[in-house]
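As written, the chains take the letters A, B, C and D, and residue 1 is the first residue of each chain.
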Amino acid sequence: MESIIFFVLAFFLLSGAIMIVFCKESIYSAIGFLMVMVAMAGMFALLHHSFLFLAQILVGVGAVVVLSIMIILSINLKDENQPQQNIMPSKIALTTLMVAPIVGLLLYAVIKADFTFAPIAPNFGTIEAMGKELFTHWVLPFEIVSILLLGAMVGAIVLSHRRLDVKS
Amino acid sequence: MQHLLSMILFLPLLVAFTMGIFRVSIETLRMVTFGSSLMVLLFAVVVTSYFNVEGGMQFVHNSSWISHYGINYSIGLDAISLLLLLLIALLMPLIFLAIWEEQRKGYFYNLLLLQAGISGVIMAQDLILFYLFWESMLLPIFIMIGSYGYGMRHFNAMKIIIMTVFGSMSMLLAIIYLGYTHYTTVGFWSFELSNLAQLAFDSKTSILLAGAFLLAFAIKIPLFGFHTWMAPAYSSSPTAIVVVLSAIMAKLGVYGLYRFGFTLFEIPLGFYTPYVILLCLIGIVFYSIHAIMQRDLKRIFAFSSGAHLSLITLGLFMTNIYAWSGGLYLLATHAIASAGIFLMIGMLGRRTQNIQIAHLGGIASIAPRFAFFFAFFALAITGVPGTGGFVAELLIIVGAFKYHFWVGVVAAMTMLGAILFIFWTLQRTLFGTTQEVTKHFGDLSAIEIGILTPLVIILLITGIFPSLLLDFFDASLSTNLEAFQGGVK
Amino acid sequence: MLSPDAFLFVAVVIFAIGLIGLMLRRSLFVVYLSIELMLSSVNLILATFSRVHGEMGGGVVSLLMIAVIAAEAAIFLALIIYIYRITKSVDSQSITQLTHKRDEA
Amino acid sequence: MEALLSLIVILPFLSATILGISYLIDSKKNLSNTYYATIALTTPAIVTLLSFVLAFEISTMPHDTPLYAHLFDWIKVGQFHIEMRFMLDRLSMIMVGLVSFVGTLIHIYAVGYMQDDEGFGKFFAYFNFFLGSMLLLVVASNPIIMFIGWELVGLASYLLIGFYHKVSSNITAANKAFIVNRVGDFGFIIALSVLFIALEGKGFDFEAIKEGIEGLSSSTLSFVGALLFVGAMGKSAQIPLYVWLPDAMAGPTPVSALIHAATMVTAGVYMVARFGFLYNEIPHIGEFIAYIGAFSALMAALMASFERDIKKILAYSTMSQLGYMFIAVGLGAYGAGIFHLFTHAFFKALLFMGAGAVIIALHHEQDIFKMGNLRTFLPKTFITMLIATLAITSIPPFAGFFSKEAIINHAFLTQHYTLWIIAITTAFLTAYYMFRLIFVVFFAHSTKTYPHLIPLGKMIIYPLIVLAIGSATVGFLGIGHGFAHFVALPDRATPAPTHLLEYGLMAFNPLIAVGGIALAYRLFGTNPKPSKANIPIKALFIHKFYVDALYDRLFVSTLRSLSLFFDRVVDAKIIDGFLGLLTGGYRHLGVKLVSLQNGTVKTYATYIIFSVSLMSIALIYILEAQ
C-alpha cells in the first residue's frame, strides 16, 4: 500500500519537475511546481513527518506556490517579452551529459551506503516532538532563520519600492 | 666600524621615511637629502680608507633575519663592490645638486630609495637579500619614469619593468631552488652566497640555473636581443633617473654576473661563454650602428651605453686578467663619463626643452663652457687617450686578442663604433649655426660647473694615472680569477 | 516496506532536473522554480535521513529550510519584478551588468 | 737631462691647460691676446731651447745609447706593463728638434695670422696641446705611449680642422679626418695587440720588442707590419685613407702648415722608421709600403695638377711627398725617408705659410685663378715661396734636391724600376703643379691690381724668412749620406752605385723638374685658364678619381641605411615583434577569457555545474579505486 502511494507521489513529483523545466509557458511551470510541492508534502507524510507535511502544505503550497502564481499572473508576460528560446534536443543532451556525473556520484553513494530505516519512536515527527526538538537543540538556527525572514521581508519591500530611474 | 655599511645602506631610507612622516617643505627636503647623500659619501670614503686592498671580503656583517629559512642580513664588501659603492655615493650628491630646482618632492624620495636599493645590491651577500634589493631598486625607477618622464612614459615604464622583472623572476626561481637544494643536501636552509657556492649539481641542472641567473643579468645589462627596453626607457626618463640607469644600474648587471654568476657557476657559465661573447660582439657593432640615425640625444647615448656594456660584459667573459681589469676599469670610467653626459643632456633639456638633435646646433659659439664639457664627456665615451675609457678599452682589446683573434678584431671595432655617431652628434649639437631653440642658450652656471668638474677630474686622473685605480682592485681580481680558473679546471 | 533508497533516488533525480532547468532555460521564472526544485529535493533528502537515523534533527532542519524557501521566494520574486520593470522582460540574458567592459580603445 | 726630457712633453700640455682654463673662465673677453700669446709662445720657445740642449747631449753620445726619462708606471696588469717613459735617441731627437723648431715658427706666425679671431686663446690652447701630443708621440719609449700620442694628435687635428665651427662643412671635414684616422688606428691597435700577445712576458718597450721579434714567425710579423702600416696610411694620408687630407684644409692656415704638412702627417713615416727593425725582417711588406707610397704620390700629383684651391694643391703635394717618404722607408732607406721628412717640413711649412699670407692679404680668397701678379704686391712672400717651390721641385742646391734625389736613386739602385719610373713621373708632375701655382698666383695677369690688399705683419713675414733660409740650406746636411749616418737607423744595405751612374742620376732629376717647370710656364705663364673636364680622363682627375663619392656610397650611406634598418626592422619588428608575440599571446588569451565572463548569471552557473561534475567524475574515480 505504501509502495503504491510512493510510486504515485514519485510520478507526480517527477512529472511536475519535468513540467517546470520543459514547459514553454511560465504558468504551466508554476502548475508543475504546485504538483511538486504537493507531492513533496506527501513524501513527508510517507516518512512519518507529520509536522513537516503540514508545514509543507501551509508554507510551500499555501504561500510560495500561490505567491509565484500570483506574480506570474500579475506580470502577465506578453509573447514578445518572453525569452525567445527553443528548447533544443542537443542542448538537453548536453546539459544532461553535464549533470550525469553528479547524479552518478550521488546514486553511487546511495547504492554503496545501503541505508535502512531505523525503528522509530511513536511520536516521531509529531508537532509536539518537533517543537521540543526545535526549542531545545535548534533554538539558535531557529532565531537566525527568523532574522533571515525579517531580512527577506525588508529586502522584498525595498526592492519593490525602488525608484526605477536608477538604471535606464 | 662594524655598522658603517649598514649606515650607508639605511641612512637614505631613514631620511626618506622621516621626511615623509613629517611632510617637510621642499626646501628642507632638498637640504636634508643633499646632506644625507654627502654623509653617505663621507661614510664611503671612510670605508675606503679602512679598506685593505689585499683583504678580500671585508666589513662583513651577518645577523639572522628570517631564521626559519636561513635568510640572513649578510653584507660585505670587496674591492669591486667598493668601487661601485663609491661611484653611487659620489654620483648621488651631484644628482641632487643637478635637480636642485626641482619642485616635486617625489624626486627626492624616490632617489633616496633608489640609493638605498643600489647600495643594498652592492653589499648583499645573501641571495634573498640581494634579490630584495635588486627588485626594490627597480620600483623608484618605475615610478619616476611613469610620473615624471617624457613621451610615452607609461608604456615605457611598463616595458622596462616587465622585461626586467621577467628576468629577475627566473633568477628568483633559481635562488629558491639553490636554497632548497642546500636544505636537502646539507640539512638546513641557507641563502648565503659562500654556502651556496659549495653546492654541486649535475651539469644539466647547473646549466639551467646559470641560465636563469644569466637571463636576469643579460636583460639588465642589456645584451643584444634583450635590449629593446633600453632606448625607450632612457628617452622617457627624467635626468636623474637616466644618470642612474646608465651609470649604475646597467653596471649592476655586470656586477651581478661577476659576484654571483662567477662565484656560483664557474663551469656552466663556460657553456654559455661562446654565446654571450657572440651577443656582446654583435652588441658592440649593432648598438654603434643603431645609434647613428637616432634623433634624440638620450637615445643616442643610450645605445652608446649599450655598446660599452657589451664591451664590459665581453671583458668579463673572456676571463683573462687583461680583459677583467679592463672590464672593471671601463665599468668605473664609463659610469663617470655617461653620468656626465646625461647630466649635461639634462641641463641642455632644461634650457631648450628639446633634445631632438634636429633642433640644436651652434651651442659652441655662444656657450663655450657648455660645449667644452659636453665635448669632453662625449670624447671620454669614445675612449680618447687621456681619459679612463682609453685605458679600459685598450686592456679589453688586448685581452680579447689573448682570447681569440677574431674576437679581438671585433672588440677593437669599439674604437670605430663610438666615433661614428658621437662625432656626428657633436657636429649637429654643438657646432654650426644657432637655431630657434639654441638662440638664447645660457652658458653653464657656477653650480653646474661644480657638478661636472669632479667628473672631469676623475676621468682625467683615471686616464693619465691608471695604475692608481688598477692596483686598487688588482689583488681582488687576481684572486677571483685564479679561483675561477681553478674551478674550471 | 519501502527502502530509503527509493526516496533518495527520487530526490536525486529531482535535483538533477533542477540543475538541467537551471542551465537550460533563460526565463527567470523557470530558473527560480528550478532552484526551488533543488531546495525541495534537498529537503526530501534531509527528511529521509532523519527517518533513517530515527532522529528529529533532520526534520527540524528541513522545517527551517521551508522557511528559507519562503524567504528566498519573496526575494527572488521581488527581484524578478524589479528586473521586469527595468528591462520589460524576464530573460536572464538581459542582465549583463557583470560583463567585463574593455575601457581602453 | 731626464728632467729636461720630461719637461719637453709636460710643458706644452701644461700651458695648453692654462690657456684652455683661462679661455673658459674668461667669458667676458677681458684677457688680451698678448696674455695668450705670451704663454703660447713661451712654451714652444722653451721646448726648442731644451731640445737643442738635448740634441747637443745626444750627438755627443754613441748612437745606440738613448736617453731615458722614467715618469711613472702607467699600467701594470699581469704581463701588460706599460711605463710612462720617454726615450730620446737620434731619430726622436731629430723629430723633437724639428717639431719644436718649426712649431715655434708657426706659433709666431699664428699669432699674426689669428690676431683678429675671437677664439684666439682657444686656438693656442689647441696648438700647444697638439705640440705636446706630437712630442709625446715621438719620444715615447713603447708603442702604447706612442699610440696615445698618435691618438691625441688626431684629436688635436680634429679640433683645429673644425676650428671655424660655425660652418658645418668644416666640422664635416674635421669628422672625416678623425674618423678616417681612427680607421687607421683600428689597424694600429690590432697590430699592437697581436704583437703584445705574441711577445707576452718579454716586455713591450721598443728595445724589448726588437729583441723579442726574433722568435716570431714571419707570418705574424708580416701581419703586424701590414696593420701598423694601416695606421700610417690613416695618419699620413696614403691610399686608400688619404681622403681626409684635402678636406682638412678647412682649418686655419697655421694648422695646415704645422699639422697637415710639417709634423702630424709625417708621424706615419716616423712610425715605420721607428719599427725599422721589424720591417727589416719582412721586406715584402716593405715593398708593399713602397708601392702604396708610390701610387699615392702619383695619384696626389695628378689631383694637384687640376686643383684650383691653393691650400688643396699644397695638401695634395704633401700627400705626394709623403708617398716619397714611404717609398724610402718601405725599401729600407730609413735615413733617406727621415731626411726627406726633415727637409719637407721646412719647405712645406713655408709653402703653407706663404699661401696663408696670400690668403689673408686677399681677404680669404683661396682660388688661384682669382689671383695673379702678386709678386709686385707681396714681394717677400713671393721670394720665400719661390725658394720653397724650388726646394720641393728638387732644383739644386735647395733642400728638396738632396732628399728626394736620395729616395729616387735608392729605388733605382735597388732595382725597383717600376717604383723609379713612378717616382720620376711624380717628380715631373710636382714641378708642373707647383710652378703652375707660382705662375698663376704671382705672375699671370700682369696688369692686375689689388686696391684692398691687407698689409702683412712682421709676425707673419719673419717666420717665412727663417724657414726660407732653412729650405735653402738644410739640404746640405744630407751630402754624402751624412744625415742618414747620423740618425743611425737600421737601413737595409744598398748596392753601391758606380760614380758614372750616380752623377747621371743626380743630373737626371733636376732635368725632369725643369721639364715640368717649362710645361707649367707654357700653359700658365701668362694667361692661365682653369682646366675643364672636357675629356673623361681629365674629369677623373678633377673629380679626385671619384673616391669621395665612392666612399660615401660604400660606407656612409650603407651605415646610415643599416642604422635605419636596425631601428625599424630589427628592433621594432624582429625583437619587439617576438616579444609582442609573447605579450600579444597573453593579451589574446585574456580577450578569449574575457568572453567567458559574459555577465549572464546562467553561464556562471553552468561553469559551477561543469566544475562540480568534473569533480564528481574525479570523486567516483577515486572512490572506485579504493
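Just so it is clear, a residue touches a chain if its C-beta (ideal position, glycine included) is under 8 Å from a C-beta of that chain, and two chains touch if they have at least 3 such contacts.
Note that the coordinates shown come from a computational prediction; the quantities given were computed from them, not determined experimentally.
A.B. asks: Return the chain label for which the distance between chain Cα mean and whole-protein Cα mean is smallest.
C.D. replies: Centroid comparison flags B as closest.
A.B. asks: Would you kindly tell me how far, in whole Å, the mean C-alpha position of subunit D lies from that of subunit A?
C.D. replies: Computed value for the inter-centroid distance: 102 Å.
A.B. asks: Using mean CA coordinates as chain centres, what's the subunit B-subunit D distance in Å?
C.D. replies: Inter-chain centre distance comes to 37 Å.
A.B. asks: So, what's the distance in Å between the C-alpha centres of subunit B and subunit A?
C.D. replies: Whole-Å distance between the two chain centres: 71.
A.B. asks: Quick one: report the Å distance separating subunit A from subunit C, using the average Cα coordinate of each chain.
C.D. replies: 7
A.B. asks: Touching two or more other chains, which residues of subunit A qualify?
C.D. replies: Residues 98-99, 102 of subunit A touch two or more partner chains.
A.B. asks: Please list all residues of subunit B that touch 2 or more other chains.
C.D. replies: none
A.B. asks: Out of subunit C, which residues touch more than one other chain, so two or more?
C.D. replies: 19, 23, 26, 92-93
A.B. asks: Applying that definition of touch, give me each pair of chains that meets it.
C.D. replies: Taking the chains two at a time, the touching pairs are A-C, A-D, B-D, C-D.
A.B. asks: Which of the residues in subunit B end up touching subunit D in this complex?
C.D. replies: 162-163, 225, 227-228, 231, 286, 289-294, 320-322, 325-326, 362, 364-365, 368-369, 372, 379, 384-386, 390-391, 394-395, 397-398, 400-402, 405, 408-409, 412-413, 415-416, 419-420, 423-424, 426-427, 430-433, 443, 465-467, 470-471, 474
A.B. asks: Going by the contact rule at the top, pick out the subunit C residues touching subunit A in the complex.
C.D. replies: By the definition above, subunit C touches subunit A via 1-10, 12-21, 23-27, 29-30, 32-34, 36-37, 40, 43-44, 47-54, 56-57, 59-64, 66-75, 77-82, 84-86, 88-93.
A.B. asks: Which positions of subunit A touch subunit D when the two form their complex?
C.D. replies: Answer in residue numbers: 98-102, 104-105, 108, 112.
A.B. asks: Write out the stretch or stretches of subunit D touching subunit C in their complex.
C.D. replies: Checking each residue of subunit D against subunit C gives 594, 597-602, 604-606, 609.
A.B. asks: Applying the document's contact rule, which stretches of subunit D touch subunit B when the two form their complex?
C.D. replies: The touching residues are 20, 23-24, 27, 72-78, 80, 122, 144, 147-148, 151-152, 155, 158, 162, 165-168, 171-172, 174-175, 178-179, 182-183, 185-186, 189-190, 193-194, 196-197, 200, 559-560, 562-564, 566-567, 570-571, 575-576, 579, 583.
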